[in-house]
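Two complexes, one shared chain (chain A), two partners (chain B, chain C).
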Partner chain A sequence: MALLEVNDLTTTFATDRGPVRACDGVSFEVERGEVLGIVGESGSGKTIAALSVMGLVPPPGVIERGSIRFDGEELRGAPEHRYRDLRGRQIGMVFQDAGRALDPVHTVRSHLREASGRQDDHGALLQRVGLDADLLDRYPYQLSGGQRQRVMIAIAIARDPALIIADEPTTAVDALTQVALLAELMRLRHELGAALILVSHNLGLISRVADRVAVMYLGQILELSPTAELVREPGHPYSAALLRATVPLDGDGTRLEGVGGNPDSLLDPPSGCVFSRRCPHADDSCAMSRPALVATAPGRHSACHHLDRFAEATRGVGYGS
Partner chain B sequence: MTVAAEAIWLAPEPGLRASWRRFRRNHAALAGLVLVSVVLAAALFGPSVAPSDPLAGSLDARHQGISGDHWLGTDALGRDQLARILHGARVSVLTAVLLMSIILVIATVVGVAAGYAGGLLDATLMRVVDVVLAFPSFILALAITGVLGVGLDKVLIALGAVWWAGFARVIRGQVVAVRERGFIDAAEASGGTQLSIVRRHVLPHVAGVILVLGTLDVGSIILALAGLSFLGFGQQPPDPEWGRMLFDAKPYLQTQPLEMIVPGSAIAITVLGFNLLGDGLRDAFDPAGSAR
Partner chain C sequence: MLGFAARRLAQSIPVLVGISVVTWALMAASPDDPARIYANQQAVGGRAEPAEIEQARELLGLTGSPVEQYVRWARRALSGDLGESFRTGQPVTTEIVDRLPATLELAGGAVLVTLLLGLPLGVIAAVWANRWPDHVARLVALIGGAVPAFWLSLLLIWLFAVEWRWLPSNGRGGLDHLVLPALALGAAAAGGYVRLLRASLLETLGEDYVVAARARGLRGSAVLVRHALRNALIPVVSQLGVTVGVLLSGSVVVEVIFSWPGIGRYAVDSIARRDLPALQGFVLFSALVYLGASLAVDLAYRWLDPRVGRRGAER
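Presenting the complex of A and B:
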């Protein structure tokens, strides 16, 4: 049994212009100790997927259908107090912008006291995330962006959760800090033996640390594959397009390519395959019916009608080739 | 994103110490603090230092001007004005401050509940507020007093019943704004209960606004209290109260203006003090907003 099993998760927001499905039939699993990357453009539903797991979908959003099983327990429809017991204790969350997520009127110590439920030992917790214990009595505004983000991580791991959800944990800091933070997060995750869901728009970043990657677009998972295989041989035209738009670490001077077209709007999703309007391989059948996410190889899943044709055309696109 | 980052960078140093530093540099605010302190001291200790019994009149000493015996003169019944002002401060100032505290508690409970919970509770509470605010507050208080009858307690109930609504609306707005800030989500994500989140992350952010609102409006409460007493609804004779003293002095305005100037000045000085203090507190807590 996987630690987290999300099945057919559909989260809908009622808007003035009709219902918007921020997550549309999303299914994935996270094994104990595994790192799952969720990658996608802005508005692809990756953050809402993470918040749905936490039971923190902001109004007017509701989970319309699907199931979320954590450690075998169905969370959908679970009472609020049950969620409260899980949050922080079983599932820790790292937010994108620690400048916003830390309360300016509380010191670091006060934040850690709230997160850990303990009265002391906060210095040790800070040292675990690579900060000096003498920062305990600082206010958030007295910390650098990287330090704030480390405090966020300390809050998330304060009670040794089994699952950490990190939503763009390094987006608010510069590139060097980003690398250091990510290394810190991976080290801590390893120490705790916790699973990690890493949500980011940056496939390059995710591909360096994730065991598996889920590629989302317009609320749907288009590909879910082991990272190494996805990077070597993307199993979906959108994954391939994202890869071509990613700065490789060992840049060899090849030009980056954009994904082509503009991101579709959730208010007016394409009929059929959500990527059909931007896909170079699309034909009439793509606009007609929505391809299901099916297993294409052991451990690999893809939602594409023309996998054969596409595989032929893009062989050799990935980094590893 | 960049906007948020800059806002954080430019945000003034938070904390009570910084607020106090800004307050201390503000001369008007300090003057307000002194005035309020003097008035509160008079209300607390006045009766014990008053030169004579505020109720004891002497028909031989009616309508007297300033003298060694009566520093602020006497009224139509020969009662010492200074003694009556000092005793009246209890009613006029202490009651007003007490009433304001009760109003703030009610308004905070309503405003925080509505703003934090949102939804149906918010809509219901705010419609009640709308109804109360639809009437001019002084007229509504007058009407309620008319139903309840005269007396200080009735007037206090009437003022409290109309005054909480405006505060509740403002506090709700503040809570809604605070709720939008990321740290509330973060606190929820780390398993905080609603009560603990309100206590730790909402109240500290609205406390400054509540304090400022309350201080600024104590002056208005004092005026309303005096106004209702002046109209004969509040404190009943012979007990001294500033508004009532104005009322009693009215017939002699032309011949003995001092009898009206004394309680009038007491009210004016007190209201001024609270307003200066409230302005100062507002600037101290919200230096960015004071430029507006």
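Presenting the complex of A and C:
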């Protein structure tokens, strides 16, 4: 049994311009101690997927369908007190923008006191994330972006959770700090033996640390594969496009291309395959019916009608070739 | 904090000067000659001789250029001397200081009523936004804000003092005397606070730091009080300064209706008797109370929001 099993998760927002499916039939599993990367462009539903797992979908969003099992226990429809026992204790979350996720009128100490449930030893917790204990009495506005993000990480690990969800833990900081933060997060995860869901729009970053990667677009997972294989030989036209648009962290960036086309809107999703308006391999059948996410090789899953055609055209696109 | 208080006090000096000029002008620029009013009131037949009027002018310090007059007046005012009441011949300062505690008690009671009504209703309206508790709270706020203080005063007197005989309706005494006038004065302002806190709390409830607080397993009530409400109160506190001003002017009506022996009723009596020095005292003290209240509000604001006016540690 996996630590986290998400099945057919569908989270919908009622808006003035009609319903928006931020997550649309999302399914994935996270094994104990595993690092799962979730990658996708802005607005693809990564944050909403994470918040759905936490039972914190903001109104007017509702989980319309699907199941979320943590350690075998169904969470969907679980009472609030049950969620409260899980949040922070079993699942720690690092928020996308630490500048907004830390309360401006509370000190670092006050945040850590809430997170750990303890009255002292907060300095030690700060030191674990590489910060000086002097910062305890600072307010969030008195910290740098990197320091704030580390405080967020300290909050997430305060009670040794079995799962850490890190939502773009490195977007708000510069490139050097990004690498340092990611290394810190990986080290802590390893110490705790915790599983990690690492959310990012940066496939290059994710591919360095994740065991498996889920590629999301418009609320759907289009490919879910072991990282090494996905990077060597992407199993979906969208993954291939993302990969071409990625600056390899150790490369010279000469291969950089855009994904092509503008990201679609959830308000007006394409019929059939969500990538059909931008896909170079699309034909009429793509706009007709939505391809299911199916196993294509051991451990690999992809949602595309024309994998054969795509495989033919893109041989040798990955990093590894 | 002390340094800030000192700086803030220094900043109110120009305001104080402005207030003093207005106060002084109340007498000096009065359309009716104050010397004549005073002399007539002192004269046996109620009609003073021209010589007596000139004498009065000398006595009231209304001779010389306006600048000379103002400086003379301001110097005396600074030493606490605002002249004598035309009516009683008593020092105005003493008369006001004797009545000030009553008005402060009434205003304090009214602020308490405002907050005790406004804050819980505002929280209820935001937490159950767009559901029936919200609709009820907003309706109450709307009615409260639309009813004039004098009307509410009469309604309260009729119900609680005349019909049910639960509470006294005039004079100052124990807590029971305070209830009705404080309610009449404070209820009107509560409506604004319901709306303000509702809007402010709805905003903070949607902030990332509130979601993040829930994500670390905090119980809902702690998230509400320590994070959402704590931040939502910041704009509410800055509004309190304005409310104190509104309450001070409102207290004039309420003090008259409830025979409350404060400076508001003193002001009304003074107007009726054209007692200019007494009116000057009222204006000056009201302004001072208002200034003091906004200073207190600023201090509270800084205490609530650590970001306000602090620099140095930012990196």
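Note that in this section the second predicted complex is superposed on the first by the 317 of 321 C-alpha atoms of A that agree within 3 Å, B and C clash if a C-alpha of one lies under 4 Å from a C-alpha of the other, contacts with A are read in each partner's own complex, and residues count from 1 in each chain.
The rule is simple: a residue touches a chain if its C-beta (ideal position, glycine included) is under 8 Å from a C-beta of that chain, and two chains touch if they have at least 3 such contacts.
Everything numeric in this text was worked out from a predicted model, so none of it was measured.
Once both complexes are superposed on chain A, the partners chain B and chain C clash.
In the superposed pair of complexes, A:85 makes contact with chain B and with chain C alike.
In the superposition on chain A, A:100 contacts both chain B and chain C. Shared-chain residue A:125: touches no atom of chain B or chain C.
Of the two partner chains, neither chain B nor chain C is touched by A:163.
After overlaying the two complexes on the shared chain, residue contacts for A:54 are found with chain B and with chain C alike. Looking at the shared chain after the overlay, A:63 reaches neither chain B nor chain C.
Of the two partner chains, chain C is the only one touched by A:138; chain B is not.
Only one of the stretches 3-11, 21-29, 57-65 or 75-83 in chain C has C-alpha atoms clashing with chain B after the fit on chain A, and that stretch is 3-11. Applying the stated touch rule to the two superposed structures, the overlap between the chain B and chain C interfaces on chain A comprises residues 54, 56, 58, 84-89, 92-93, 95, 97, 100-106, 114-115, 139, 141, 152, 155-156, 158.
The part of chain C that touches chain A in the complex is made up of residues 206-209, 211-220, 222, 226-227, 230-231, 234, 304-307, 313-315. Interface residues of chain B facing chain A in the complex, by the touch rule stated above, are 1, 4-5, 8, 11, 13-15, 118-119, 181-183, 185-193, 196, 200-201, 204-205. Every residue of chain A that touches chain C in the complex is listed here, in rising order: 51, 54, 56, 58, 80, 84-89, 92-93, 95, 97, 100-106, 114-115, 138-139, 141-144, 152, 155-156, 158-159. Those residues of chain A lying in contact with chain B across their complex are 54, 56, 58-59, 84-89, 92-93, 95, 97, 99-106, 114-115, 139, 141, 145, 152, 155-156, 158, 172.
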